[in-house]
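There are two complexes below, and they share chain A, which is joined by chain B in the first and by chain C in the second.
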Partner chain A sequence: MFKAIVSADTLGDALDSVSVLVDECKIRLEDDGLSIRAVDPANVGMVDLSLSAAAFESYETDGGVIGVNLSRLEEFVGMADSDQLVELELDEETRKLHIQIEGLEGTLALIDPDSIRQEPDLPDLDLSAEVAIEGADIDRAVTAADMVSDHIALGVDADAELFYVDAEGDTDDVHLELTTEDLIALTPGDARSLFSLDYLKDMDKAIPSDAEVTMEVGEEFPVKMHFDIAEGNGNVTYMLAPRIQSD
Partner chain B sequence: MEYATLAAVYRSVEATQADTEKTAALADLFRDAGDLLPVVVRLARGKVYPRYAATDLGVSSSLTQAAVEKATGVDANRIEEWWKETGDLGAAAERAVAERTQRTLASTPLTVERVHDTLRELAEYEGAGSQERKVDAVAGLVSDADPAEARFVVRTALGHLRIGVGDGTVRDALATAFEVPVDAVERAHQLTNDVALVAETARDEGEAGLHELDVELFRPAEAMLARAADDLEAGLADVGTGDTAYLEVKYDGARVQLHKDGDDVRVFTRRMEDVTAQFPDAVEAIRAGVDTDRCILDGELVGYDPDTGDPVAFQRFSKRIKRKYGVEELAAEIPVTLHLFDCLHDGNSLLDKPLAARLDRLDALIDPIPGDIERARHLTPDGPDAAETFYREALSAGHEGVMCKNPEAAYTPGRRVDTMAKVKPTMEPLDLVVTRAKYSEGRRSEQLGRLYLACYDADRDALREVGRLSTGYTDEELAALTERLEPLIRERDGRDVDLDPEVVLEAEYEEIQESTEYGSGYALRFPRFLGVREDLAPTDADTHERVERLYEEQR
Partner chain C sequence: MQLDEFIETLDDGERERRRKLAEEKSYAITEHLEDVEQSMDETLQGDALFGSTAPSVFVGRSSYPDVSAGVLAPVSEPDRAAAFETGPHWYERGYTIDDVFQSRTNLLNSSRRTNVHVADEWDGFTGVQREVAIADRPVDVEVGLDGRPEVDMDVSFADISTPTGPRATAEYADLAENPHVPKPVEYTLSDDDWKAEGAITYLYNRGLDVYDIENVLSAGALGEAQNRKLVPTRWSITAVDDTICGFLRGQLYNRPSVDKTEVWYNEYLGNQFWVVLAPGDFEYELVELKAPGSVWNPSGRGYYVASDYEGFEGRAEYVDETAGAYFAAKLGALEQLADRGRQAKVLIVRHVTPDYWGPAGVWQVRETVRNAFEEGDPGTAESLHDAVRQLLDQWPVGLDTLRRNSELVAGVQSSLADYTRGEGL
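Moving on to the complex of A and B:
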């Protein structure tokens, strides 16, 4: 059983954060909210999303897992204005999701969760530096790097106590530094890793510009980014594998 | 089973030229395959579907390149460069994985099941976004692959395994692995076209089980094929009944196998391609003119000019085979007649019955509708003069020649048999694959006018060149051919290009000579272009064995 009412805004943001990486996902329905974990087909990026029951106008379930085609579900939710409510109800018999938006009714066929790729076990990482940064600053860094290159290096200079971004193209390059003044917080430790901008741009799209993002970075290690959604009633973690730095 | 195990077998099979070693390595693999035997035996030929399903995975080179780039982070231009260097996208993928620039968060070892199931699903993706989903699926496999695995995953996705394993190698390996006669394996495969079924039957039920396999409705068997005879006298003599052999007109159309169960009718080509949708007129003719519930018939579909009543050239008729849209309009423009000449099944298999008995059944089942569905014109001549007259009449009616058949012969699928001979006026043209080409000089310097042609060596699954052709086409035909070939260019060196061997040409020639210049050991003398055989795949090209035999016969 699953029956919930949620604002189109909240649901849309949550789904967007997942659909930048995968087309289909499993949604775990739990007593206290729902969660999604997905890894992109090339095993490079991961998203971990949880949306607590408090993010919903109403939320009832006795548990379970459903598989959805994200772009289809997003299309449905996109029919609503951002402040309208979306009512979701699972029909256990037909394995379809009933969706109702202010007089608009529809059903979405669900996907067998077993047909969706099992996400691999991920290692626990102990990353050397942690930066708390505004979403808008990540966006600025990614946009700047994208002007000149396909890759972006994220690093922390422990001595200078600053977070920096490097992007080197064939002819041009950019460098951006953010000091403790510009950051919300910095736990220094030497770190530098190179990432694919394709992935980071997609993740950046889903990060609200006013969000406070906690970023963990290491030496040639994956980066982790955590931020809240749904006014603190949900959170998203992204993890992105690094590129191999060529000499 | 770990995919790495299979990749190691592929590697060792690829590395040896010796057929016995290839056979032994595959036999070991098949013996150890357990429940996975059906999957492994198909993968040994680089396939994930039975041949008669003729399912195309729809994986192009560019899609594969995108997947490899996504999985490894290696720039598309570098992958392209490596591909051009080796002419093998599998080798480029192998190198890209070895030199990957993108790490992964985690990696799960590939299993044979996962690779097989993932590739099979590719064929099912359709419509909007299906290309992206295919890229993702292939990227997922490459992402978890080690370099050697990537080499073979990519080749399998593209449909060319290129390890020198042909149907013959698999047949021999199955016979070795399960201690059954080679002939029994071969016959079972020709009847069922399903190597997975044959493998399981060989293992679980042995030789007796293989003998019990038979033709089934909607699972096309390979067609029985005739040998070419030099002239009518030789043809009559070859089939072993002297000048009283049964004669039939040899039509120039498409050989088809027709399966009927009630109103459900399907039309398969010799390549096992289902062309039912392209021939609604033939389907209707079968419904109207075949008076039985269940049968499998063998015949030739021939296009006729509605104004003159003459058969149209194969080139023109072949439009009907390819046409997917506007089928009805084309059917009105080039109507077909179905000329039937054999009956394989009438509710029970008739393969072991003599031709005469099968033809009696055919007569009993059909209710001919002239111009739609007919028996092939035929005659049992009372002497050489009658035979000669029949042959002359067939030619003057615009047909290709005649077939000489032994009325006592059983139906043996997939074989060129001694009990059937085809007689045509000239040296019979060969269907050959274009492997390389060179731009012409002078007026046609923009055109790929010099074409290297190869025959197919089925046992080694390899193409072997038999010469170079540079005449016989019109300017228009050459321009169309160039347009067909240019997207297949794998590597360019000055004015010479290596091609993906996909296009099959029909070529005539004056004689076959021995030659050290080409890989086949033979060279065609004065080859001339006759046309593109749209209906043939490279593996349907004339075989090396046939070139060899033609050479022997002309001496």
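Moving on to the complex of A and C:
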């Protein structure tokens, strides 16, 4: 059993953060809220999302897992204005999701969860530096790097106590430095890793510009980015594998 | 001659310079053109009837969709028609750039302006052209020409199509024999409910090489009925390579990776190729280093570096820097990987030396990469980057330039699975 009412805004943001990486996913329905974990087909980017029951107007479930086609579900949710409510109800018999938005009713066929790519384990990483940064600054860094290159280096200079971004293209370069004054917080440790901008741009799309993002970086190690959604009633963790040279 | 048909971005001065470069590097070509002119006089019956044996077709792309569609047939030595056709046999016989140009200048392109929407048209000139394209051996034809052919050499600086030679406008064409059409081609021809991609893959799996399939696609003999149209030769070459690459790539998604780094090398027609296969999920990049004095960089002082890359999930954007060579080289590498049932990170570095004075066509890239794997044992390295470091002293550009131009040299994509202990990913 699953029955919930949630604002279109909250649901839309949550789904967006997953759909930038995968087309379909499993949604785990738990007593205290729902969660999604998914990795893209190349095993390069991962998302781990939880949305607690408090993010919903009402939320009832006795547990279970459903498989959804994300773009279809997003289309449905997109029919609502951002302040409208979306009502979701699982029909156990037909394995369809009933969706109701102010008089608009629809049903969405679900996907057999067993046919969806297995959820990954979260790698247990020991990352040397941690940076708390505004979503808007990540966006600025990614946009600047994208002007000149297809990849971006994220690093921390422990001695200078600063977070930096480097991008090198065929002919042009971009370098951006954020000191402890520009950042919300910095736990220094030497770190530098190179990432594909294709992935980082997708993740950046889903990061609200006013979000406080905690970024953990290491030396040629995956980057982890956490931020809250739904006014603190949910959170997203992204993890992205680096492009490496010392393989 | 309509050189502009092949040239998109060159102004007249640049074009002139490149043409001169080709002429300076080979007097043989200009002399050969005179011979061709002479045989033309001998071959033409009356003033305009041309009888020969046509191995293939050519479809131009200017004024699309009203394109110049032609039958290629040798001016002399019609019994050697098959040898004049582009294919792996050129590589096997060690053709030089001169040989390529001579083969092609000996082929008269008798063409007519034709609308590409040919659907069911199997009569008249278009019909003859299509019959020649789908046949698997040269076909005897008679072509009525409108005036004397112009004898010249036409080179495509995009270097995708093979160069073409003399050209004449055809009034009509007749088949002088029944063409021999291979069974699989007959089958795709009769099924007009089949998308071109599927039909291309089918023909490839039935043993037709890309060169034959290009001809069949060019003649508008593949695909769903309403979509059957003539495809300009240059587009057709890339479309067939790309389609077959997609098919081969699809077989490798869940395959294990090669277990050690291999470095293969081959050179042909003034082009050197290094093919590095390294363990990991599939990625592919072609990096081209073009010497000053070579065909695309005739007046440059330094090396011109071009590259295109795709990750595990393929490429969404148009391949803009390396064009047809990107797919031709990728096909050579994917055939090798599919053969072994392994995936790999594939870095191909092509050095275009000053000895590559005339664009021979992209077949040269395809055959050189295909045959790279036939040349003895591969070099070994600890990793892709170790291989790059070892090869640096053979390359004309330094590591910094490569890093800036190559995604793979900058860093190969790792997988989250590399960081997860135990099961899961």
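General observations
Following the convention adopted for this analysis, the second predicted complex is superposed on the first by the 242 of 247 C-alpha atoms of A that agree within 3 Å, B and C clash if a C-alpha of one lies under 4 Å from a C-alpha of the other, contacts with A are read in each partner's own complex, and residues count from 1 in each chain.
Simple rule for what comes next: a contact is a pair of C-beta atoms (placed from the backbone, for glycine too) under 8 Å apart; a residue touches a chain by one contact, two chains touch by 3 or more.
Only a predicted model underlies this, so the values are computations on that prediction, with no experimental measurement involved.
Under the clash rule set out above, the superposition-derived model of chain A with chain B and chain C contains a clash between the two partners.
Legend: residue contacts after superposition of the two complexes on their common chain; A:Pro242 is shown touching both chain B and chain C.
Contacts of A:Ser196 after superposition: both chain B and chain C are touched. Looking at the shared chain after the overlay, A:Ala42 reaches both chain B and chain C. Touch criterion met: A:Asp23 reaches chain B, while chain C stays clear of it.
In the superposition on chain A, contact of A:Pro120 is made with both chain B and chain C.
The wider contact with chain A, measured as residues touched, comes from C rather than the other of chain B and chain C. With the contact threshold set out at the top, residues 39, 41-46, 120-121, 123, 196, 222, 239, 241-244, 246 of chain A are in contact with chain B in one structure and with chain C in the other.
Those residues of chain C that touch chain A in the complex are listed here as 278, 280-281, 305, 309, 311-313, 383-385, 403-405, 407, 410-425.
By the touch criterion given at the top, residues 39-46, 118, 120-121, 123-125, 150-151, 168-171, 194, 196, 198, 221-222, 239, 241-247 of chain A touch chain C in their complex.
On the chain B side of its complex with chain A, the touching residues are 70-71, 73, 100-108, 129, 132-133, 136-137, 139-140, 143-144. Across the complex, chain A meets chain B through its residues 23, 39, 41-46, 71, 117, 120-123, 196, 222, 239, 241-244, 246.
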